[in-house]
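Here chain A shows up in two complexes: once beside chain B, once beside chain C.
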Partner chain A sequence: MSLFLFVLKRVGRGLLTLWFAVTVTFLLLRLLPGDPALAVANPNMTRETRAALLTQYGLEESLPVQYVKYLWQLLQGNLGISFHQNTEVTTVLMERLPWTLLLAASSLLVTVVVGIPLGVLAASRRGGLWDRFVQIVAVTGQSLFVPSLGILLLYVFGLQLNWFPIGGAYTDGTYGGEWYLSVISHLVLPCLSLVFAQLGAYVLTMRSSLIDALGEDYVVLANANGLPARRVLWKHALRNALLPTTTLVGLQLGFVVGGAVLIETVYAYPGIGRGIYEAVTQLDFPVLQGAFLLLAVTVVAVNMITDIAYGILDPRVKAAS
Partner chain B sequence: MTSRPRRTAAIAVTAAAVSIATFAACAPSAPTEGGGGGAAVTDATLTIATTTDVVNYNPFVGNSRSDYWITNLMYPHLLSIGPDGEKAPELAEKWGYVDDTTGYYEIRSGMKWSDGTPLTAKDVAYSLNAVKRDKPAGTLTGQLTNFESATAVSDTRVELKLSAPDSTVVPEVGFWGNVVPQHVFEPAGSVATFANDGKDGGWVSAGPYVLTEVQRGQSYTMERVDNYPLVDGGKPKAAKVVYRVYPDVNTEILGLKNGDVDVIANALPPAQVKGLQGTQGITVEEIPGLGYAHMTYNMNKPDLAKKEVRQALAYAVDYNAIRKVVLADQAVSTGSSPIMPVLKDYHDDSIKEYEFDPEKSKQLLTDAGYKTDGSLKFRLIYSLQDPVTTQWATLVKDGAAKAGVTIELQGLERNTYLAKTDAGDFDIYAGNFAIMDDPATNMALTYLPGGVINYSYVDDPELSSLIEQARVTFERDEQKPLLQKAAKVVRDNVYDNVMYTQNLYVAHRSDWSGFVVKPSELLSIVNPISVASATKSESQ
Partner chain C sequence: MTTPQAQQAEAVSVDAPPRAARLTWRRFRREPLGVAALAVLVLLVIAAIAAPLLADYPAGYGDTVLAPPSGAHWFGTDSLGLDVFAEVVWGAQQSLLVAAAASLIAIVFGTLLAVIGAYFRRVDAVISVVVDLTLSLPILPLMILVAALVGPSTMTIILVIAAFSWPEVTRVVRSQALSVVRLPYVDAARLMTGSPVWIIRRHVVPAVMPLVLVSVVLTSSRAVLSAAGLAFLGLGDPNTWSWGRILYEAQQAGAMSTAWWLPLFPSLAIFLLVLASTLLSTAYNDARNPRRNK
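Right, the complex of A and B next:
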């Protein structure tokens, strides 16, 4: 199969996944009890006013009509207008997206930078004290519920030790360099919560694939040829063992995004997650649809890129497709 | 093969780089020096904690607490409310009726919007007429049923034409309605869909502060408007007000203790009040409640349509225990009356609360032909987002069990709770009404057939007649006995089981003083006069 066809197939599959995500989100939201007018209704709001609101939201039309209109709107790149903010959904999301991006990207970076060497350390000292210690830390991190971990870090480092702020994304009234420093100090705890929670996956994957690689014939040959152990480990075994970890970056992105949503709520971090929480309580369908679409696009796109990269890196994958 | 590790690292580094690059443009620039002249302490920033973002900056649409608090600092109300629950002047200095179908407001002269445009009666007339025409989702729309139109007859006088005599229109419209700048809102078209998000050149204010910077989920910064004649000296004391968004009240309390915020705008949970009262550097203020917690019995259900059953249920509630245990003695009995004690001129002390007397409940049920072996069952719904109701619902269940009645508790997620309430899908409804400031208006909404919050589905001709008469009676001395009699009918027939009115508590750092607290959580410590009067002392 040519590379073009391979990529085309992956893109097609990605688009199909997105359509499915869009459709499921659309239907699930309309299955929720209550209606968006009621969610913001005042005690003295008359039934006529509520009916007028539902008409304004476009919810008086039948479900298929609403669905077709929504898809047509999406194809034109229009995410709609927030029911309650009367503002374009794109604007609502873009106000919050940079913070979620910062949180997700920084936690991903720290996890990869810390997780890979720890996995290598564990694999190279298999069965030793370091290996056991790293495994315990990794499994503990994986077992913890992200918000609980967030609250624990908040309590210890925010409240008791007072090392880091307890909420928000920066200190109000700071400017220039001071502002950047405050952004970093506010980022530390939410980022660490996500790092701890996902570190285990990277460490264990790295460890296991490196142990496999270290048992391969080419490693035995390299050792037999008298190459230094460090060179065999880092230059030969590690490179081959990194392939599953590369895949993990794509797979874990969904987790990072989901974790970020929860962590943003714990730390009052002004990202998409908190926006989703507020939109759910207000039944603001357009904002929810837009936010879920954005998250789905991110996850699908990164997975698609990983998939394609994998196909390019390992011809067997492309051939099997 | 040679570049795999680098690729992995490159993905992560690129993602981080993209984020950092995005943020490179985000750092706020330092403000230019302005105002000045005053002592540093009077140019302080007052930081207020809130738990929700602003949903909508248009005061005719906005509904969340933060919507009210922030837009109220920019768009004045015609009337406020005093500590005694009586309507008090704000933008309007005088108000009343010319005849049964014509009301009026006389507003202050010399008021200006922050862009220099004079605030006149035309802005008032525009605001009311636009809401009547476009029917936005906010509270004011519901007050305009008998309002026909408003006309500015001079720069300071507005006259309201009513479609029918109604003594509640002028005070209620004045209390609930904000006045907005016509020159900003009119070009935007419908006030029902105008976001007023400041995208076209920022906000314009006639309150003590104007919104200048928004970081959703983080903070809302407001700058002082120099000309605000409603406070001493004609100028707000604090140079800036910043609303900080916190996930919940508990985190707000941590922020207050740490000194990150100066005021908590939300009412404190009852269990936290005593602890904060004893905390050095923190002052707790008491705010009279204007609303009540209650249970309504769905009279569309055959059993609950019987007065004896409703009375039996009313006698099976240990009101004192609820107020003592759940509310830590921070709630006050209303005497089972829907007129709050804070409304001193209307409240009738002779109406007494139902006693907790399970034996009397049993007797009433037996007389009505029911067994008291638990076979009589009712389903009570409440919102799980309301921790206080969630706690006392259990005590209600226990009390009913002593009277031989089974109550099944159904705690619901808020939107489900609202949907079931709206559909009448309950036997007993437990909840709160936040602000019941005008007895005639509130009784009309609550007890007239078809009233939008008539959750008991009561249709009592005597009660309806009393309420209707009160609505068209303009003299207080004549209106009062009608409303008191109506309240007694409600109490005696248990058309509503009003359990208590909760006094609210808010906290601020002790180095801030001068707040002018007003009843209800909406006005509370963060009403415009209060915020504009707050000063930071030099000593602390």
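Right, the complex of A and C next:
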């Protein structure tokens, strides 16, 4: 029962966040100077054309009425029509979403798989050479501008060494297994750029929480009982130190999405980010708005799942809320 | 007239804060990384202020297009033949201006809300919900939407970054302010005066000040990254050079792949600034609170 309540609470929180995102977007669109009707229309249009456009976009009604209509449309998955391509924004974005998800998820997976052992290495050799090295790598990654990192990898591994393709997401005209291979080879560089940018946060959190855990009484007891040091580290201390790292997944998500937007621009990767870049050049506001809302939904959903997983893994969290 | 003892006590209490600051400074000087980071930041600020003396403003067309670094052009030239060194130096001015202005607004606003929230618990509920909600959304796409709607200019970029940076400041400062408000001396002050403004100014704000100082450095460096991100997507001020705009122009001209110096130098500038800010804030924290580290 308490688990049910806990899940219910988190879902409610997620819905509240989404409502907040939608309301902020609505207010921004209506109150900021970039009038959507003006943006589509020719500056020389007559008053009648302008009035017709206003009616078409429902802009002549009062703000609360517009707001309710806006919410209703969003609930039906209607994000409006793209100014530039004259197709539904939902269709445009849904074609792109899988690529962004692939990029973000694969980078997250690699970061966790690489970052946790590195954090353990640093914590277990605290103050030593490995610790220094791992910390330098972590802080460097955190300080780099994500596109700079992308351009560097592209230049070295794409252009100079020719190991990986430098743009797009797959090779045209390939089928079956070959197509999947081309998808992977196109994914490597953008994914690694995002991994390096995120790695620092995971390594440093893992390191400090493991150092804390290694100072706990139960670790001292395990050592005093003569358990092998490796077993104490990997079996006893690590288990408890892993929990704060789990929360990072949710906390870092907004950053990963921002990084993906920039990296997709560098690599001409056909995800939402590249779509945003193109929409910016064409001042395609419906696409920009839809992209933000879609990314917000994704982030909120993943956040909710990690929160619930965290609550199940650590009963104290559930009890506290 | 006050008695000599009272005068002495007053002198000591006036003397106390600078002594703590001096102690911090003395410990700070012993951290080579922190001192180096401070030196790099000071150098970048000097370069930004002295930009007009260091290089002519890059405009129009140059004679040699995409020339690699040489004695005449230290950082090479771009696809219009403009000197990249001049662009980076003038870009430092723009990038630091945006960072300073945006973080100043965010810090003042964020600290104020944090302190008010910590003191008046009823307002706090609203503030912390807004902070939580904003922090759990993908901020870059939201900044892009706003910047595109308003139209790119230096003012827009400063305001957009400030508008979405204050929640982080509030989150950090609020937790500290909350623990200060519960301390006995604040309760004592409540008995002495009915003015919350006085208590906040005299007791709460000084207590969170060190945290605010660290926040200034970190918020500015994040602002540089956000501004560069917006500029890289074509939402920078089209009339001034910034580090992000150099990268954007290089990408637009398709010159990234052939002219390695185009992305390298603005990237290095951003990297140095952010790295120095991170190291400086870590060194300052360690110097203030030496037990916290090892």
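A few notes on this one:
Here is the rule we go by: the second predicted complex is superposed on the first by the 281 of 321 C-alpha atoms of A that agree within 3 Å, B and C clash if a C-alpha of one lies under 4 Å from a C-alpha of the other, contacts with A are read in each partner's own complex, and residues count from 1 in each chain.
Quick note on the criterion: a residue touches a chain if its C-beta (ideal position, glycine included) is under 8 Å from a C-beta of that chain, and two chains touch if they have at least 3 such contacts.
All of these numbers come straight from a predicted model, not from anything done at the bench.
Contacts of A:P244 after superposition on the shared chain: neither chain B nor chain C is touched. Residue by residue along chain A, chain B and chain C are tallied for touches, and B comes out ahead.
By the document's definition of touching, both partners, chain B and chain C, reach A:T281. By the touch criterion defined above, A:P33 lies against chain B and chain C together after alignment on the C-alpha atoms of chain A.
Of the two partner chains, chain B and chain C are each touched by A:L159.
Of the two partner chains placed by superposition, only chain C is touched by A:N303; chain B is not. Once the two complexes are overlaid on the shared chain, A:G141 sits clear of chain B and of chain C alike. In the superposition on chain A, A:T25 makes contact with chain C only, while chain B stays out of contact range. Looking at the shared chain after the overlay, A:T265 reaches both chain B and chain C. Residues 32-34, 159, 166, 265-266, 281, 283 of chain A touch chain B in one complex and chain C in the other.
Note for the complex: chain A touches chain B at residues 32-35, 37-49, 52-53, 56, 84-87, 92, 95-96, 98-99, 101-102, 104-106, 108-109, 112-113, 116, 159, 162, 165-170, 172-173, 175-176, 179-180, 183, 238-240, 242-243, 245-246, 249, 264-271, 274-275, 278, 281-283, 309, 313. Note for the complex: chain B touches chain A at residues 1-2, 4-5, 7-9, 11-13, 15-16, 18-20, 22-23, 26-30, 45, 47, 52-53, 55-56, 58, 61, 63, 135, 137-139, 141-143, 145, 192-195, 197, 215-219, 221, 242, 244-247, 251, 254-255, 258, 260, 413-416, 418-420, 422, 433, 445, 452-453. For chain C in complex with chain A, the touching residues are 133-142, 144-146, 148-151, 225, 228-229, 232-235, 247, 251, 256-257, 260, 263, 267, 270-271, 274-275, 278-279. On the chain A side of its complex with chain C, the touching residues are 16-17, 20-21, 24-25, 28-29, 32-34, 139-140, 142-148, 151-152, 154-155, 159, 166, 250, 253-254, 257-258, 261-262, 265-266, 276-277, 279-281, 283, 285, 288-289, 291-292, 295-296, 299-300, 303.
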